[in-house]
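Structure provided below as structure tokens; questions to follow.
Order as written gives the chain letters A, B, C and D; numbering starts at 1 within each chain.
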């Protein structure tokens, strides 16, 4: 796979420069250049929400900085954690005086760094809380749920927590709702091709021309099985089997569902998969609310797909449908 | 490159089934199944706008059916023209009694078929007009402009003409504005990898691991040169050179610009390119209005990029900024 | 002797049986200068006609009309649309008759050519299927024996293709290949050649 | 004799000169069970320290603090953050002193271990860098000669790695490889091994 870039070591900085140049009304750079904040951050009196993680997943994480979403985001190199200082800067710029929720994916390095960053800003009297996304059902059994990786469920958590903060709720409430959103999401993916981390210069893994890997993580972490390519309906069926076994649904349940491309897989193929998603949810008697089909959480040019089911109650559904806008997504 | 599908021959029908299932409030299938119309089409008294062409370019063409955009679209197999009957059906379902504009890309087969479809519906007293997009500067010199291929400039033409129709203008006015929008767009692209047409089962062309092709068309039509991969800044510079030579800008001009991925190229890399686009337009003294960066006109999982510059006057700018919404794009 | 619906049916069936031989050749000729679907187009067109061939009415005009409609539905690539356009022109010229004298073939080809020119917004001399067609219209002028007609058409096609081979393409997808198209047959001419090859056996 | 900022400077310079040898080995060990960046992490950490090494103050605690901050900035992967955490623990324990007796090394390692456990929210026995570290703290207890300290640490690491090699990983990215991790050294342990290998030369 070929990449359009200048120097692999300036990939992320060049990207951020372009992002802020294209959308100055949305984004601005803060801290040492590796923090992106809402153009109007901090919003006085509003609970701030920050996220952070490696680059290469646009729109996640950086892209979701915006009204009704994140206030700031710390950005590492491609697939690498940002530094403690960058995370602390993100927290500072997000702080409108009502405290800051750290909302991000469960990856060891990110967790240690965000904890350390929290220790740092505590000395500056910024109250912080943490909610981790651990939605990838392929990465640990439900009994060890807290060990799961965080993947595309973040999209729902950002949206829902962002709406709660925008509505003026306090840090404790925003944190409670964010945790409920995180707990309501289950995800699983399948990868068809690797991607290339610019600084590494070669694909993150190799896989046969006729092979796929079920359950693979968004950085190429191992999945459940690797084998021959299956048909779209088989892939969709297996992903839905796993998700519904992990988080059973009953008639009358309301869910949103995200059919997400990891990058290269075109929307045409997401819609082919969506048919089965809808059939299975219909069969379970669940109603689909605001389905999302597209590229929401990616691994650069990796081909593959992930499904996320977010089970809703009235509170979550209200937050999901509330207005929000960033350069990559607009609701309402 | 691997594709997620069932039967290559059902690729387009499966895709349309999923598209309409996911967005029943936006899209509905009409005619023999290969026409997608606004859920509320026809809109009585409004000029209808139809487009059509091969599949595999989402969001183009089908995706841009929506309020303030297209009323209906005829969809062929991947990279193949729809049939005359399908085009005639699209015109019929778009007709709210005020006539229908056919707005599509300049490809021989599509032109002959849309002309024939126009002859058919003429017998049914539906007035039609035609505006062709011919914005790809790499496909013919400016002196033979009418021979150029239509590429991503369609996005601007759909948006602007759609706003004019939504505003209640008559067929003649909508056609005039659409033609002005089409004439204001210049585009050029570069491809890094081919894509695979499902029914063909193999890539549309081959290209070396370290090669790119400048000026290639969105179906793999030949470009200006093929050679070693260049840096992002070199690629952006060459595309801008060509576009600005073809349609010079002077200080005070207002333009919108679309930095478009052909599919696999991630937004990270589009933003890297955007820096140079902005620098060059700044240097020309032109003001950038509503820049678009993303996947607007694609060739499935092809890696590559295209730039489109749309030169605005007050009328075009007003139409560009008017509200519009479809599953892939929301303005206002 | 005259052209009837039975003649048409026989020709369509022959085409359906024989055109598959050239499937790959036509796809790859088109692949060099276009999108590589010309074999597919002819196969789809003949499959489309297959659906209606048994029910073609005695009225030759109506029979042409039905086949034109079948081709329109089945094959929407440029060549398919041009074929349908040509069949439609024949339909107009033969409407209401059950027999069309062979001597009218040359005149029919004139009508076909005129309709295709209008549809394709182009003229002869641009290295397209129109050129061998125009040559056939000329070469068959005054002839009224099917064998003689076929022989004259066959010769005319060969001569036209030889004459155009080294010129650059000026219309359709092949145009953008410019000089690369010199030395290569126009795919549409080759398709016409292969149709006649099948019919003359 | 005692540990001073000069000792620290010498150690950092040795590390910077020698760790490159193991760049590929550490990346690929981490690549088998994680994201393949552990060689990069150590290189970045030592480059980060390089920026400050000349200016490290006499106060050993301040010197540790400055190096901890440098590592935090330069290497934000798990191992880098754990290193920075350990250096920070040393900083706290030696604050305000220009000499730290060698006999305190074992106690320092206890502090480092405690800080890392808290930061990593994990314990010894899970097949991580914590295990050889805990073993070193034990093995160096009561020793006050640098050479003896080094020899004891060296042995302790070897024994710990042998003891854990065939167990499955339970923490970090390696956990998800489960049984595949049996028979493979934990990358973090190997990194610790290589740091000591460089320092002991």
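Points worth noting:
Note that contacts are C-beta pairs under 8 Å (C-beta built on N, C-alpha and C of every residue); 3 or more make two chains touch, one makes a residue touch a chain.
Small disclaimer: the values here were computed from a predicted structure and weren't measured.
Hopping across touching chains, the smallest step count from chain C to chain D is 3.
Distance from chain C peaks, on a Cα-centroid basis, for D. In this assembly, the C-alpha centroid of chain B lies 32 Å from the C-alpha centroid of chain C. With each centre defined as the average position of its C-alpha atoms, the distance from chain A to chain B rounds to 29 Å. In this assembly, the C-alpha centroid of chain A lies 57 Å from the C-alpha centroid of chain C.
Shared interface positions of chain A, defined as residues touching 2 or more other chains, are absent. Touching two or more other chains at once is no residue of chain C.
Taken together, the chains touch in the following pairs: A-B, A-D, B-C. Residues of chain B touching chain C in their complex: 76, 79-86, 108-109, 111-113, 115-116, 139-140, 147, 149, 200, 217, 219, 221-222. Contacts from chain B toward chain A in the complex involve residues 1-6, 11, 14-19, 21-23, 55-56, 58-59, 63, 192-193, 209-210, 212, 229, 231-233, 235, 259, 263-275, 278, 291, 293-295, 298, 300-301, 303, 305, 327-328, 330. By the touch rule above, chain D contacts chain A in their complex via residues 35-37, 72-74, 76-78, 81-82, 84-85, 119-121, 171-173, 175-177, 180.
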